[in-house]
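Accompanying notes for the structure given below.
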Amino acid sequence: MTVIEVTDLQRRYRSRSGVFKRTTRVVEAVRGIDFAVERGELFGLLGPNGAGKTTTIKMLITLLLPSGGAARVLGYDVVEDAREVRRRVGYVFGGDRGLYERLCALDNLRYFAELYAVAPREQAARIGELLELVGLKGHEHERVEGYSRGMRQRLHIARGLLHRPEVLFLDEPSIGIDPVGARELRATVAALVEGGTTVLLTTHYMFEADELCDRIAVIADGRIVAEGTPDELKAGSSAGQVVEVEVYGSAEFALDGLRALRGVTSVIVEVRDQAQVVVVRSGGVGDLTQHVLDALEGVNRGKVTARQPTLEDAYVELVAGA
Amino acid sequence: MTTSLRIFFRGGLTSYRALFTWLSPWILIPTFIVEPVFQVLFFAAVGRTAGVNDNSFYLIGNAVQYAAIPCLFAMSNTIGGERYSQTLSLLLVSPARRTPLFLGRALPVIVNGFACSVVALAVGALALGVTLAPVTWLPLALVVAVCSFACTGLGLVTAGLALRVRETAVLANIVFGVLLIFCGTNVPLSALPGWMAAVGGWLPMTHGIAAARELAGGSRLSDVTGLIAQELGVGLLYIVIGLGLLAFFESESRRRATLEIA
Amino acid sequence: MSVARLLVVGTWLQLKMRARSAFDGVLALVYPLFFATTVFLMFRQGGESGALVGAAVGASVMGVWSAVSTTASTSLQSERRQGTLELLVASPTHFPLIVVPITLSMAIIGLWSLVTTLLWGRLVFGIDVRIDDPAGFVAAALVTVLAIALVGYLLAVSAVRYRGAWAFGTALELPVWLICGFLVPLGQLPSWVRPISWLLPPTWGVSAVKHAAEGSSPWLDITVCVAVAACYAVLATAVCTRLLRSARAAATLSLT
């Protein structure tokens, strides 16, 4: 059964600036996208900042009206049957906002249990169960203002699950959480999907998407540029090989030389810890390593790695080409 | 010296503009016109019901005292607001000399308080039908300016406390309430219990309001120079205390790490 | 039943939250006392003890209005700032049922300030307020609190997209004290002001409270107060529905 059905969905923002000379600027945040998510699936929406991920989610959870197209969640139209949709979906976003700081975790959960019409008789048990699930048991009487970012995020998740939503929308849930917390979060999400919840997840972290998602849509500049399972996306990548070279000091002058190499599809410089890393992707099958090193003659080099393309490589290529 | 002057003028104005988006008419009109005028009208009406004092008494008292709103809030917010936007530590690690830095922040505040009182006086006089002789206008303006100066001194003290106290708006509101009662704004000092009148003598506004009332009653500027001098003295006293508190809490905050707890 | 429960739980949690804030909790109690003290001193200077008792009753209700007017117009703005506004809107509960507890909690803090002011008058100024009709007084006070909460509801939803809302709300504090008969009899105001006073629920609430204290029947005033406040609630709900629709269209729920 199709749980989320998105047809030619569009959203424009109008922003006005200036006091005297009013200028209206129209931004096309989502330019007509289509996708469908089946029951029990974990669907990932990947894309750079400003690509339209959050806008899409907000239309699906009825916070924003679409400017065009349509979307149905569990068979209900997000515009016409907003209340029916709201009853059945959960929404969790990343970051540390969205909580009542001066209340304890228990009170935060009680309030939202009320708003989501969780039966009074079940509330205490349900809240206890969720506190257990997200590992906040023992902290439920502390005020949220003293919580760490990870604890806040876990409280958010408990809040989003209070009414046992059939569909859960997770908007960059792991942003700003430490690696251990992020791993626990992934385990929680995986367990939810195991239990039959349908999840739509947006994230910047490719390994997260790779590990969790059944299917992924890559969105860039308001359009879906690719869709498929993580393996399909990796296979679709033109990169046959990736060479990464750590460099110290400036390597700018060598980059054009690298780009001119036969088969090279993209050359980018990333900053990791103290070093810069030149990442060269090629579509060819032959070993490129020696050519890359020749082109970097005169640059102070560190570690050199050649590897198979990852989901991130596929993603970078898709987004860069969009 | 020129650096200090630049910090005084430029720095003061910049911080004032950054911390207060008061330049919007949606905030200026309610805060600096509607509220003071209604404070005047409210107490004048209550006074009439209670059968004490005349319109001119309440007009002068409340219009002058209302300058405390910008003086206290703007000054304590120069610290509290920076703490909130987490720029306070950036300011305090800078090598700028503190005295011109904080006094520079006081200058636009004094102008604001002054303008606010003058508008309240003018609009309130029209609404209540109080006539102030044109010869009293200039001396009145001078007294109002001195009151704003003195009250900004008190504001500097609240700014100092804001390095330690988290809720600056609450603090400023409470100080405003104290001034409302103790400065003879609506009840003459002579009708207050002795200890309250004694406290009032050490607060800004008290002597200034008294001087303004004498001027409105027909006295000449030369008759009230004593009161004006006392008001100036009180203001200077608070400025010294305020700068002292700022210096003290700044060094304290380094020791006790209380700065960024917003 | 579930609506009643929602309102009670919502109000209770909002109250808990606000009581922990120095601004909403402490200042809302202390600030009206400064004005009440001034008023008591003025009436004492006037020397009429009967007027002083009337002033104590009037001044005690001032705090209810003060607590609501200064916070209602910013309440939704602060939900937005802390990122909870979207979560509230995304929940299946009708939005008015979420907003009313917010303003009601402030009015209840105001009720506390009503009691504090009466005690302050008694202990510090020795004003012995005899309440001739205690049941009527309690009913009048509660209805006034509810009515002011509903005015707050209208303020809250109207000011949600208005950046200077705090200034607007605070600027309403004194005019309402002036024209709703808290201390100044309506007859003393210019005649053109009177119709405006009649449209404001606090006018009827204050009148009911005063009647009950003096022993005359408060029930007519209570009835009118409820009726006028109900109009505010209906108006606010209409504004609220339109506003939510337009906020979903204009994407202003998450802007700070």
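By letter and in written order, the chains are A, B and C; residue numbering begins at 1 in each of them.
To be clear about the criterion, a contact is a pair of C-beta atoms (placed from the backbone, for glycine too) under 8 Å apart; a residue touches a chain by one contact, two chains touch by 3 or more.
Predicted model only: the values in this text are computed from it and were never measured.
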Core chain by centroid distance, with centroids computed from Cα atoms only: C
Far-end chain from chain A, centres as C-alpha averages: B
Leading chain pair when contacts are tallied as C-beta pairs: B-C
Euclidean distance of C-alpha centroids - chain A vs chain C, Å: 44
Centre distance in Å when chain A and chain B are each reduced to the mean of their C-alpha atoms: 51
Averaged-CA centre spacing for the pair chain C and chain B, given as whole angstrom: 29
Residues of chain B whose C-beta touches two or more other chains: none
Contact set on chain C toward chain B in their complex: 22-23, 26-27, 30-31, 33-35, 37-39, 41-46, 48, 51, 55, 162-164, 167-168, 170-171, 173-175, 177-178, 183-185, 188-189
Chain A - residues contacting chain C, complex: 13-14, 58, 61-65, 83, 86-87, 91, 95, 97-103, 107, 110-112, 114-117, 120, 159
Residue ranges of chain B in contact with chain C within the complex: 24, 26-27, 30-31, 34-35, 38-39, 41-43, 45-52, 166-167, 169-170, 173-174, 176-178, 180-181, 185-188, 191-192
In the complex, chain C residues that touch chain A: 2, 5-6, 9-10, 13, 16-17, 20-21, 82-84, 86-93, 98, 245, 248-251, 253-254
